[in-house]
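In what follows, a structure is listed as structure tokens, so that the remarks can point back to it.
Letters are used for the chains, namely A, B, C and D, taken in the order the chains are written, and counting of residues starts over at 1 for each.
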Amino acid sequence: MNDEMLLLAGKTYESRLLVGTGKYRDLEETRLAIEASGAEIVTVAVRRTNIGQTPGEPNLLDVISPDKYTILPNTAGCYTADDAVRTCRLARELLDGHSLVKLEVLGDEKTLYPNVVETLKAAEVLVKDGFQVMVYTSDDPIIAKQLEEMGCVAVMPLGSLIGSGLGIINPYNLRIIMEQATVPIIVDAGVGTASDAAIAMELGCAGVLMNTAIAKAKNPVLMASAMKKAVEAGREAWLAGRMPRKLYASASSPLDGLFFK
Amino acid sequence: MNDEMLLLAGKTYESRLLVGTGKYRDLEETRLAIEASGAEIVTVAVRRTNIGQTPGEPNLLDVISPDKYTILPNTAGCYTADDAVRTCRLARELLDGHSLVKLEVLGDEKTLYPNVVETLKAAEVLVKDGFQVMVYTSDDPIIAKQLEEMGCVAVMPLGSLIGSGLGIINPYNLRIIMEQATVPIIVDAGVGTASDAAIAMELGCAGVLMNTAIAKAKNPVLMASAMKKAVEAGREAWLAGRMPRKLYASASSPLDGLFFK
Amino acid sequence: MNDEMLLLAGKTYESRLLVGTGKYRDLEETRLAIEASGAEIVTVAVRRTNIGQTPGEPNLLDVISPDKYTILPNTAGCYTADDAVRTCRLARELLDGHSLVKLEVLGDEKTLYPNVVETLKAAEVLVKDGFQVMVYTSDDPIIAKQLEEMGCVAVMPLGSLIGSGLGIINPYNLRIIMEQATVPIIVDAGVGTASDAAIAMELGCAGVLMNTAIAKAKNPVLMASAMKKAVEAGREAWLAGRMPRKLYASASSPLDGLFFK
Amino acid sequence: MNDEMLLLAGKTYESRLLVGTGKYRDLEETRLAIEASGAEIVTVAVRRTNIGQTPGEPNLLDVISPDKYTILPNTAGCYTADDAVRTCRLARELLDGHSLVKLEVLGDEKTLYPNVVETLKAAEVLVKDGFQVMVYTSDDPIIAKQLEEMGCVAVMPLGSLIGSGLGIINPYNLRIIMEQATVPIIVDAGVGTASDAAIAMELGCAGVLMNTAIAKAKNPVLMASAMKKAVEAGREAWLAGRMPRKLYASASSPLDGLFFK
């Protein structure tokens, strides 16, 4: 079924799970976890990971081969539009003209909440400069729409803060973002365990990106496998169309907006 | 890994998803959905389903073969201990001495909430009579413990009411039930969509039983596949050990009992 | 407005907040907190509190006068029907024929979850013996109905476990209990902070009973005042009829049972 | 206790409930509800309400007297910074130099979500122009901090969307906003019923602003009274310091970040 492929920046993918490469014990664990996740798109923090900047040191791309994976350089660690733009340009050089990037501009080091104003600025510059921009942002539907209208190829709202593991806190905003979107919406950040990933997909999003939930599980490789299945489960559940929620089976109508929860 | 097999009444199963056979459009849809679910244990309402009582009519066992599946006769539609005991004995006759049954005694037709007093009575009689009793009950940890001590081979607390689709409402009670249990705890009833099944498994239960969530999805066969993956995802996530939940990544300690939610 | 008075065992009360007397630092703190709570019904654990059993020791009734408060002796610490019945009879003696009691029979010392089977037994004996029985129980709607039909004057389901502070975990069961009830339903146990009390009242219950949430707040007297207001707020909100919940204001219909949360 | 007074733009208030004036049946209902709410600060949509712009028509200020209430003109209905600035200036003229305003710049008419970029622009202009700006915004902690640093006298993040009645969806963001703030944080929008207001106050915010929850209750005057009590209850509960949440009373430690909910 066509519907089962993710179309992103002109390319199709079978997997709707995107993964990061940070916080693993070593490159071998990184490799095994990413393999278990089934991910086809792997994001790399250009400022923290050697993808060729430091010749002679271990290079992530030796383990996560660009022949096998779509490498998605990201701007983690950037707190201004300028820094983020510069980082994307560096990535393009290192990756021989590769134009697909994940933009993130954060507000501070404590919370890692997105700085949406700087994000808008950077996105504008990058799109004009020919990048295909997948953009990390808050769950603000107005900002999400502006980023899409600016030409970003995917909008990636948070489920909750990076590294918090709090799951999908505001499904309402995500639902509004998806109702309005014409590009893929990928929930990025906040997933803590498998059910969180399923919930994201059941909301109708196009994919989920995560890093800490896998890398900081006690057993990252097994959690990667769990996430693969959870994303598929959530996607299929959304496509299958769930039963309505009722106070009890014989109730004549589903729960409505007057019930307090 | 041994841990990945469900041990139930002396037999091992690879699948931790148990399914019902009610509410499908026809026997063909039943068959396809059960196949997609990967379930190895299939429960059948003896009072509502022809498994041989009415010769000449379509027999469920022609579609769901006892050679392939463990058939689990259940007492759905029974509101007293006597009725339930009688129904189990009928099932044993119809199934040539088969002693594994799912006991459920409900409180009323409106809510389908378990009647735990009658359930205790019936369980006692059935265990003495040589049945291997898997028992549906509320999420009351005291009753769950009594049913186990009485000799039931599995205790099956509800996530929420049968046919409600409200998911796992009281994870706290389920956690207490599991902490105390020495037999498999299988969440039975309440699951509405894939993430609910994952949540049940992430609590550490041994399996999940469902019917309406699959049969009353718009596309039951696809939902069955979603549930298969969700149960596996939740199990693996539980085994893998999730990351802690924090207000933000740099917080020095996880969220605790003073935060209101 | 008549509706604003709680009618209980033939007597009316202005306050819908009932309070316990355990876990305070001393009798003076008990007195001040109860005064601040505005409660008119005060429950006393006969097994743990001196209400005359031990002459010469400080007597709670010197501080919480039966002239001012309706004293509600309770059977906290009883784990069998027999113990509970015996305790109620002792209370009746100590309180000169006082017949209003709060029955609680717990399942174990670890969780303090109600033992509903023993509770049913004790209630039956006590009602026949002329007691006016307010009965603590789980949120099991079938048991709640049986206790009412047995002649209990009020049914008191838990919000969550005694001393847990987890609030109202299963509003669905409470709603079903209230839909079916003809006697006052009073949520007893689980309230942790003011909003929990408001939520209980917004479900339509007749009152709330609490102890730990007040006694174990850092400032019990101020928390008692908070609870008084929260119970009144929740009651008024329920009477006033809340606005419906919508995804956004201009949505044409309230949220329904297909939204996952 | 000083702590019990709200200090806002150099003036103290006893009430921490701020109310709007829209959506009532008539001015008389507006007056009665506001009186019952105990509010001392009343916000008025300059673009929708006659406060002198249209001589000869009913004037809200005849009913809600500036002698009795602090009138807080707001920019509801503005979708650009320019519009909002113009509206504030008009209000200042109509109200004889009154400089306290509530700024809101929304993103679209469908969701009424704030446009934070335009809000930042308008706030900058207004602060420079000598206004005392209370500013409505999303729950984005980075934007909230910028608005404070810009010189706004109060920051007013949403609980959920205007008119949605969904309550406090993201307590985590609100907690972060409050941890960082040196001006009063007032939760504005989203409250649907009394417990929502209590929850907002239990998070430690300085006040709550609402309109629809009162005006669109079946009985607005009674709901106004409920909200008055709920805000006081939540404030007192926060000051009193709640008990910790535990799986059961005898558990040795509170619930932590590994429990999934």
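Note that a residue touches a chain if its C-beta (ideal position, glycine included) is under 8 Å from a C-beta of that chain, and two chains touch if they have at least 3 such contacts.
Computed from a predicted model, the values in this text were never measured in an experiment.
For the pairs C-D and A-C, the count of C-beta pairs in contact is higher at C-D. Taking the mean Cα position of each chain as its centre, C sits at the greatest distance from subunit A. Residue-number overlap of contact pairs with A-B passes half for only one option from B-C, A-D or C-D: C-D. Subunit A and subunit D have CA centres that are 33 Å apart. The centroid of the Cα atoms in subunit A and the matching centroid in subunit C are 47 Å apart. Between subunit C and subunit D the centroid-to-centroid distance comes to 34 Å (mean Cα coordinates, whole Å). Touching two or more other chains at once are residues 111, 113, 161, 164-166, 172, 176, 192-193, 195, 199, 202, 242, 244-248, 257, 260 of subunit D. Residues of subunit D that touch subunit C in their complex: 109-113, 161-166, 192-195, 197-199, 202, 212-213, 216-220, 222-223, 225-230, 232-237, 239-250. Across the complex, subunit B is touched by residues 107-108, 111, 113-117, 120, 138, 140-143, 145-146, 160-161, 164-166, 169-170, 172, 176, 193, 195, 257, 260 of subunit C. Residues 171-172, 175-176, 199, 202-203, 242, 244-248, 253-261 of subunit A touch subunit C in their complex.
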